[in-house]
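Each of the two complexes below includes chain A, the first together with chain B, the second together with chain C.
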Partner chain A sequence: MSMKPFNAILIRDIKLASRSFGDVLTLVLFFIMIGVIIPFAIGPNKMLLASIAPGIIWMAAFLSSLLAIDRFFRADFEDGSLLAMRHANISLSAIAFAKLIALWVITILPLIIATPILAMMLFMDFEILIRTILSLLAGTPALIAFGGIGAAITVSLKRGGLIAPVLILPISIPILIFGISSIKANAGIGVESAAMLFLIAISLLAMVFAPFAIALALRLDQE
Partner chain B sequence: MILRGANGIGKTSLLMALAGYLHIEAGLIGWEKTKQDDDEKTAYEDMHFISHQYAIKENLSLTENLKFWADMNGGSKDDVFMALEKAGLGHGADFEALMLSQGQKKRLSLARLLVSKKPIWLLDEPTSALDSEGDKWVASLIDNHLDDGGLVIAATHLDLPMKKNKRIKTIILGQDK
Partner chain C sequence: MKKSSSATEQTLKKMNWFDKLAHPGQFLKWSKYLVLPLTIITILLFTIGLWFAFFNSPEDYQMGDTVRIMYVHVPNAWLSQFTYMAMAVSAIGTLVWRHPIADVSMKVAAPLGAAFTAIALFTGSLWGRPTWGTFWEWDGRMTATLILLFMYLGLIALWKSFDDQLRAAKLIAVLTLVGAVNIPIIKFSVDWWNTLHQSSSISPSGIAMPPSIYIPLFVMMFAFTFLFITLHIVGMRTEILRRKADALERKSLNQNEKRG
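Moving on to the complex of A and B:
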């Protein structure tokens, strides 16, 4: 297999996202919005806010990515691109893998870049911020992989809307658990690094197996 | 091969089954390979399927749209320009596909046939939305492809103005023999 079709999908999806930049911006604004309303809801207690900040950031990233799931395969499904791609010199699972990477770049990366803004509003330590960003980098690929499976299963439904998020919520909870415990400073010696390793393991496994699941689901969608 | 028949008789379904999208309950679809040297390739990679969906991204320019399919199916940048010229879209190559009319979109999706050479063409209503010039263009595409030894299976309810050719067969679905 040559890498040309793989790169073509990657570049095209990123180019499309950069031309409809509003979609990317909406997601980032939603992400920041959660950070804006939390201090109003909880009160301006700096200590309290700082201690729950990693959890809030993970929750915001989690909810924002759930929001984006429905778009993952819909455009390519509806305009016939997915059908035509099946005759290309590339397997459907490789197509799915390329799209997962592109999706991570266009949905998650902007959120991670916006994380310092949230950190500022929540009075986070610099050190904790770095660890939060690292845990997001380690955990979000799994989030995207599971989201991709949900999106592929529901893409043929005219009004998929919230079905995919509900579908993948249960299997995504472990990512949240390990994500948070890899940040906590007072969780006990060795706990953070163990959680971090688990998080990376989940992400790697999910990224390896999800493309095959997605390819299977997309084949069934088109019947 | 021309597939004809009333609306809803199953022309598109037959094409989709041939293209490998549909699971068939009974029977067998087989493609005979002429080249033995390439074991990894499946018949599906030797096909173009041009359906009523255009597979065009409106935010990309015509060249970018076609270049994507060239990268996917094999084909160079020169092939892209040539195909756009032949499809009569050469003058607007850098415009966004958003500006295209239905007929022009159809032409752009048919231009995929010219960018990458594949022996099997499955065409679903190739002349819908096209003007009479477009009809002639599609017919000449098919003529040339047959002359090159290619295979075309087209479902249509409009007459295609092709040259007389012994290899062209018409099957009318839903009729007793």
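Moving on to the complex of A and C:
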């Protein structure tokens, strides 16, 4: 299999996102705003905020990725590109894989880059910030993979916007658990690295198997 | 009319025994004779089980009378997982053999599973209040059961949001299987995260309970399992009949349009 069509899809999606830069900016704003409204909800206590900051950042990333799910295949479905992709000379799974990687680059990467802003406002230690960024890098591919499955299943629903997150949230809980555990400084010896390894394992497995599930769902949807 | 009926007979002859059993029309015929016996067995099992549970089983030396909640709690917790298993098997049937009966089985199982899971959680919190001193605790098993309930409710919501039930079945089958793969991971992760719930008393190495408690428990587990089977078959019959009614309605509407 030549890598050319794969790269073409990947670059196309990233280009499309960079042309309509507003979407990326909106998502980053949403991410930061979730972090900013939390102090209003629980008070500006420095100790408290610093201790829950990793959780807040993970929640913000979690919710932002749920928000991004809907536009995963929607545009391609509506303008018929998805139908054309089914007749491409590479498999639909490979296309789904390319789109997953593209989605990670255009939605999650900007959030991770914006993380230091939130870290500063939530009084995070530098060491914890580094760990949070590492855990986000390790865990978010799985979030995107599950999100892709949800998006593929609900793509033909006109009111699919709310249902995909509801389907994806419960099965994404392990990612959140291991993501947070891999940051905790006061966890027992070895627990952090174990959590990190589990997180990486889930991400790798999800990224390998999700493209097949996505391709299957897209194919069944258009039968 | 006669010609069409003989054609159906011919296709019926060509089918093997499994296709015959699973053909929706045939299913309606043979399952009719199952409903009453299954109902009677279920009622009998419940009568015996409840009598044991209320009058003929000892109090626990620590928990006292509250131990009797177990006879409802454990069977429902077992069925909350069993039903998902049944749903996942039906999902394979939908995807591999594209069989309409598998679609129907999958669709009907979801609300049943949600109900069993909700009862397991409810009785669990009733039991937890006197024994642990709290209605809810973020313990591994309880959390995993709660997540399972959300998965059931999500699947039900997804069934409701599709108009075309045939297309819905295939897509939901994909999601059901993705969920089935995830259930062990979820269980493992929440156990790893926090654990308070007592571990299972029934394991391959033996049963950590006296017979006076495990006999009524097993009777109640059979009773609830038969309840599930009965409700599942009745639900499948209703769903098939509903689809037939829908098809007839659509047909008559089309004919009216042609005439009018």
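Basically, the second predicted complex is superposed on the first by the 223 of 223 C-alpha atoms of A that agree within 3 Å, B and C clash if a C-alpha of one lies under 4 Å from a C-alpha of the other, contacts with A are read in each partner's own complex, and residues count from 1 in each chain.
Quick note on the criterion: a contact is a pair of C-beta atoms (placed from the backbone, for glycine too) under 8 Å apart; a residue touches a chain by one contact, two chains touch by 3 or more.
From a predicted model like this one, the values you see are computed outputs, not experimental measurements.
Asker: Taking chain A as the common reference for superposition, should the pair chain B and chain C be classed as clashing or as fitting?
Answerer: fit
Asker: Could you read off the angle at the CA centre of chain A, spanning the centres of chain B and chain C, to the nearest 10°?
Answerer: Nearest-10 rounding gives 90 degrees.
Asker: I'd like to know which partner A:R19 touches here: chain B for first, chain C for second, both or neither.
Answerer: In the superposed model, A:R19 contacts chain B only, not chain C.
Asker: Just chain B (first), just chain C (second), both, or neither: which does A:S182 touch?
Answerer: Neither partner.
Asker: After lining up the shared chain so the two structures overlap, which partner does A:P5 touch, if you call chain B first and chain C second: first, second, both or neither?
Answerer: After superposition on chain A, A:P5 lies in contact with chain B alone.
Asker: For A:T115, is the partner it touches chain B (first), chain C (second), both, or none of the two (neither)?
Answerer: Touch partners of A:T115: none, neither chain B nor chain C.
Asker: Who does A:D79 touch here: chain B (first), chain C (second), both, or neither?
Answerer: A:D79 contacts chain B only, not chain C.
Asker: Which of the two partners, first being chain B and second being chain C, lies in contact with A:S64: first, second, both, or neither?
Answerer: neither
Asker: Mind working out whether A:I153 is in touch with chain B, chain C, both or neither, as first, second, both or neither?
Answerer: Second partner only.
Asker: Determine, under the contact definition given at the top, whether A:T132 touches first (chain B), second (chain C), both, or neither.
Answerer: Touch partners of A:T132: none, neither chain B nor chain C.
Asker: First (chain B), second (chain C), both or neither: which does A:I202 touch?
Answerer: Only chain C is touched by A:I202; chain B is not.
Asker: In whole Å, what is the nearest CA distance you get between chain B and chain C after the fit?
Answerer: Result, nearest C-alpha distance in the overlay: 10 Å.
Asker: Across the two complexes, find the residues of chain A that touch chain B and also touch chain C.
Answerer: 223
Asker: Which stretch or stretches of chain C touch chain A in the complex?
Answerer: 95, 147-148, 150-151, 153-155, 157-158, 161-162, 167, 170-172, 174-175, 177-179, 181-182, 185-186, 188-190, 192-193
Asker: Can you name the residues of chain A that touch chain C in the complex?
Answerer: For chain A paired with chain C, touching residues are 146, 149-150, 153-154, 156-157, 159-160, 163, 166-167, 169-171, 173-174, 177-178, 181, 198, 202, 209, 213, 216-217, 220-221, 223.
Asker: Can you list the residues on chain A that touch chain B in the complex?
Answerer: 4-5, 7-9, 12, 15-16, 19-20, 75, 78-81, 83-90, 222-223
Asker: Within the complex, which stretch of chain B touches chain A?
Answerer: Interface residues on the chain B side: 19-23, 44-45, 47-49, 51-57, 59-60, 64, 68-69, 71-74, 112, 118.
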